[in-house]
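As written, the chain order gives the labels A, B and C, with residue 1 at the start of each chain.
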Amino acid sequence: MKKSVFLGALTVASIAAGASAAATLDDVKARGKLNCGVTTGLVGFAAPDANGKWEGFDVGVCRAVAAAVLGDANAVEFVPTTGKTRFTALASGEVDMLARNTTWTLSRDVDLKFDFVGVNYYDGQGFLVSKEMGVSSAKDLDGATVCIQTGTTTELNLADFFRANNISYEPVPIETNAEGQQQYLAGACDTYTTDASGLAATRATFEDPSAHVVLPEIISKEPLGPLVRHGDNEWGDIVRWTLNALISAEELGITSTNIGELSAAPGDNPEINRMLGTEGNLGEMLGLDADWAKRAIMAGGNYGELFAKNIGESTPIALARGLNAQWKDGGLIYSPPFR
Amino acid sequence: MSDMSYVRSEMLPERAPPASSVGIVGWARQNLFNGVGNSILTVLALILLWIVVSRLVPWFFSPTWNSASLNECREIVGTGHGHGGGGACWGVIRDRWQQLLFGFYPEAERWRTVLAFALLFVALIPVLFNMISRRMNWVLLLAVLGLAALYLGGALGIIVGLALIAAAGFVGFKALSTSKEDRAAEIEAGAKRLPNPLIFSAIFPFVAPWLLWGGSIWLPIGAALGFVVGYIAFRYLTPIVGSLAGLIIAVLATVIWWLVLTGGFASIMSSIIPIGLEPVESRNFGGFMLSITIGVVAIACSLPIGIVLALGRQSDLLIVKALCVGFIEFIRGVPLITLLFVASTLLNIFMPPGTNFDIILRVLIMVTLFAAAYMAEVIRGGLAALPTGQYEAADALGLDYWKAQRLIIMPQALKISIPGIVSTFIGVFKDTVLVSIIGLLDPLGLTNAIRADVAWNGLVWELYGFIAFMFFVFCFSMSRYSMYLERRLRTDHR
Amino acid sequence: MTTITDPHQGQFRLSMLLYDSRYRSMTIQIVALIGFLMLLGWLLSNTAQNLADLGKEPSFRFMFEPAGYDINQRLLEYDSQDTHLRASLMGLLNTLLVAVLGCIAATIIGVVIGVLRLSPNWIISRLSAVYVEGFRNVPVLLWIVFIMAILIETLPQPRAFRSGDATMSFWESVAVTNRGVYIPEPLFSRSLGDVHVFGASSLRFDVSLDLLALLAVLIAGILTSVLIKRRADATQEATGVRPRTWHWRLGVVVVPFLVVMGILGFYLGYPELKGFNFRGGTHLRNSLIALWLALSLYTGAFIAEIVRAGILAVSKGQTEAAGALGLRPNRTMSLVILPQALRVIIPPLISNYLNLTKNSSLAIAVGYMDITGTLGGITMNQTGRELETVLLLMLVYLAISLTISAVMNWYNESVKLKER
């Protein structure tokens, strides 16, 4: 067994040699699969089902990129990463992109040498407490025991917040969301803090969600978005504009149901035409074909559809659009024009 | 007076023992209540047992096998699940047991993993047990292959499967119906002996990776041919250039064959005769299958490395010894988790720029190095346990170092080391759960992924319990086996 | 008689490097060394190249930057503005703490269970066997998360103490909650204060003078006690009568200690429920307890087997011979059985202590902030310095392991059978 495994390793190594040197787009096309880094499991954002099929909001972005580039929304290898392994996985070329609730910060962008291509979810760190505690503000939490997930920006924000308000707390670091939920429900911590979306998702699965409340303070800005390696701008553009296509599609009213007829022939709206490739050559500029955006949108629907299907109000997670509404509806989701 | 005797001339019939010393009462008095201290201990133990059992049993027997989500469970067993009340929610095991066993291995190909592990047992039997006869071993092999062919179905599969099983039955019947002496007489008279089952054990290391990872059959064949190339080179060059140079050239030839020519050979052959299995990327490995694969591959690969390290540590070549000791003590001095950090974050940095291979292969490399250090110590123990007379006898026969090792020392040392090797394997197998910390989806890692499903969010005990039970079954049976071996080996040496 | 043939005196040929045993070992060693150096050089050059490509220069400067995160269990004073180096130091101390506690508890559990397994009481020996097999055959990581889950789910939360659903045990002095156990802490009302060592550097620490004073008195007492024992021994040697000294020996240790405690104004600070949590007292966190329990129960199962094997290895004849010499049973145990059993027990015990220490790195699974959690966890994450942190982490563990095995090997030498 020794020899052939070694051989297998060698062949894999030789096949993949020069992978990160060449353009990522060519690699992905040659491989026929997109390697996409996701979490090991976060309700609504990325989790495998009983058949091993990954589902979720972040997964939707991966599938859209795969559809745009390879023409097949299922041509994705999902690589589960932890908070610790995600950046090395991307830097070493093990994954082509990371679509994992990762906060866009200066040091990650500059020091760790990554490019955040956009924001697919505007989040902020909040606190979940049970109603019977009678706490109405995070500033009342003096002396409380706080569960935090390690390996994220959360613990830094938390330390800053309590220091700025000069109140004491007892941090209980936890590895996974499931553990945090368990500790919080059993009362081993007074409050559980992580991204507000995660809190809402966690709360939704409680036996009695109405007994718990997310405090009004949001103590940080957490713009979450997909990221790629620094230096391969062509690939970064593709991921960026695929995300933008999903966002624009919602703004322009293109859904997975009406896209068939909209893309059949040029319509009245020139931007729709340009995006769907019935007019102009935007796809060619990206190094893709004319139908790329159409396939990306058909993979899982536009941004709004993805949101509604995975984390929206009709799902058990029941997140409101809030900041993540289109800019026309008072949110921050905004795509540069397709021109 | 002469017929008067003070000594009884016949025995009195035995009287029944007092009621308090026979039966359950007697047994209990003897084993549970002999003395105050023991009685107190017994009562305490019984109370403890009752507390545990009375809580576990109602929880365990809860009618939730068919539930589709945690909420359904809660409806069935009432609220308070997971907080001391209610019952277990077994629906999650029904829903996800396949994932816990096979991970993301494609469903249509899962028979390959089962076959690979069944064959593993067949291949290990002649190595580890002496009790099964050569013929029964072949019966087992034929039966396993036959069942696999039947499972695959199709006209060809059924025919081949039936034929193999019939052959197995025939050989088995012959084996059972002829006694040992008759068989010996038959062989004497010219009947052919069945080939040694160790042949299959030698082929297995090439079959198993092919079954698990799939791809063209010519790659494992090419790899196996490397040994043939080396052997031929050794055989024909030794008379010309001498044994040591012959050996060196043979090893070089083998390595060159593997590194340079195997790929070409495999691609040419597979373009001529394309036989192969659907390739499965190791990324799709998960669950117990991943644990077992890591454990078995690491132990199999670490054995030769461990032998070399153990010999190096025992040798009187100073530099070689220092290198081996340094390696062994370094690996044994750091926790496995740091080596896994190396696998997940650093190994790619150590490789030439642009190299990038699978996280599972990287983990395999690091776990193999880890196991090799422990294996080296186990084998060193085996070498130390050999009486010095064996070394001296080998010297007296005029054998050189390698011949002495190959013919005298290693066979005995390895045999003594088998229990140690098995316990190293148990240790490595248990340690494979650590890969969940670096994000691989082994059983423990999968619990996290499963709990991220809205339907099962909030479950704890059922998943952990199932995994713990599975590990217990594997490890306990292996440790029993290792104890059996120890007993057997001890009698051998008396 | 063997005759030694003179070595071949011919001129040097290249093939002699391989075939002449005088040169062969040299050749092999040099080839091995060159191979090793080449491998090392290859790895290093790859690393340098890769790091250059990534734009990360290896440097340990990040260790002196503010860590920015809090650590709940800190044995020395620390806050989020301290450096990564100090955070790692906190982690190291936590690792050592759980390792020492674990080794002690595992030894106690192992000895007790090992003896109970040999008990004639059927149910006790069966239960011990179930314990040993159950713990040995399930991965320790699973036990850690399991025990953590049990602690969290079954113990009362602090809130329950307010409503009266749960009460403190041991005369209102100990609170067992699902956030950990709060026990009274020793305090001094007339404290001598602390000495600050290393000023404001990352390695600074305080030494409590109270503790130093108590320690000094204790050591002096024990030394005096030893002196008294020596004199008693001498008297026994000379006259054959052993004077009664136990009350003196106890007195010189205990009385001065109590006096100093009184002078310092010793009292216990009890935990009290205030706000969200208990305040005051010493807080043994759940993560520590879970890790400690799991590691010691797991390792204890292995030690139990070692102890059992050790006791079984001493043949019955030894006990009988000791009895024949007229030794009392407890003297038999301490003079005959134990020294011989220890010789069998200690070498595997060392490797189990090492394993326990290394397994303590799994603390990360329950959020215990040991060195893997701080240096190898949050620091690695926040700084993105994988190479440096993993290297430091390995060196730290290597140093701990080598120290333990050196100490234990030294002890092993001292109890080893002196073969003559």
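Methods note: contacts are C-beta pairs under 8 Å (C-beta built on N, C-alpha and C of every residue); 3 or more make two chains touch, one makes a residue touch a chain.
Remember, it's a predicted structure, so these values are computed and weren't measured experimentally.
Peer 1: Count the C-beta contact pairs for B-C and for A-C, then tell me which is higher.
Peer 2: Result of the comparison of B-C and A-C: B-C.
Peer 1: Please identify which chain has its centre, taken as the mean of its CA atoms, farthest from the centre of subunit B.
Peer 2: Greatest centre separation from subunit B goes to chain A.
Peer 1: Could you state the distance in Å from the CA-based centre of subunit A to that of subunit B?
Peer 2: 40
Peer 1: From the C-alpha centre of subunit B to that of subunit C, how far is it in Å?
Peer 2: 32
Peer 1: State, to the nearest whole Å, the distance from the C-alpha centre of subunit A to the C-alpha centre of subunit C.
Peer 2: Taking the mean C-alpha position of each chain, the two centres sit 43 Å apart.
Peer 1: Touching two or more other chains, which residues of subunit B qualify?
Peer 2: Those would be 83, 341, 345, 348-349, 351-353, 437, 460.
Peer 1: Can you list every residue of subunit A that touches 2 or more other chains, as numbers and ranges?
Peer 2: In subunit A, the residues touching two or more other chains are 84, 88, 175, 182, 186.
Peer 1: Provide the list of subunit C residues touching at least two other chains, using ranges where the numbers run on.
Peer 2: 149, 153, 364-365, 380, 386
Peer 1: Would you tell me which residues of subunit C are touching subunit A in their complex?
Peer 2: 54-55, 68-72, 80, 149, 152-153, 157-159, 178-179, 274-277, 279, 285-287, 364-365, 367, 369, 373, 377-378, 380-382, 384, 386
Peer 1: If we count contacts the way the header does, which residues on subunit C are in touch with subunit B in the complex?
Peer 2: The contact residues of subunit C facing subunit B are 18-19, 25, 28-30, 32-33, 36, 43, 46-47, 49-51, 53, 119-124, 127, 133-134, 136-142, 145-146, 149, 153-154, 354, 358-359, 361-362, 364-365, 372, 376, 380, 386-387, 390, 393-394, 397-398, 401-402.
Peer 1: Within the complex, which stretch of subunit B touches subunit C?
Peer 2: Listed in rising order, the residues are 31-32, 34, 38, 41-42, 45-46, 48-49, 82-84, 242, 244-245, 316-320, 323, 329-330, 332-338, 341-342, 345-346, 348-353, 426, 430-431, 433-434, 436-437, 444, 460-461, 464, 467-468, 471-472, 474-476, 479.
Peer 1: Okay, in this complex, where on subunit A does subunit C touch?
Peer 2: Spelled out, the residues of subunit A in touch with subunit C are 83-84, 87-88, 91, 111-113, 141-145, 150-152, 155-156, 158-160, 162-163, 169-175, 179, 182-183, 186-190.
Peer 1: Considering only the defined contacts, which subunit B positions touch subunit A in the complex?
Peer 2: 70, 74, 79, 83, 95-96, 98-99, 103-104, 107, 204-206, 208-210, 213, 219-220, 223, 226, 258-259, 262-263, 281, 283-284, 296-297, 300-301, 304, 341, 344-345, 348-349, 351-359, 361, 364-365, 437-441, 445, 447-454, 457-458, 460
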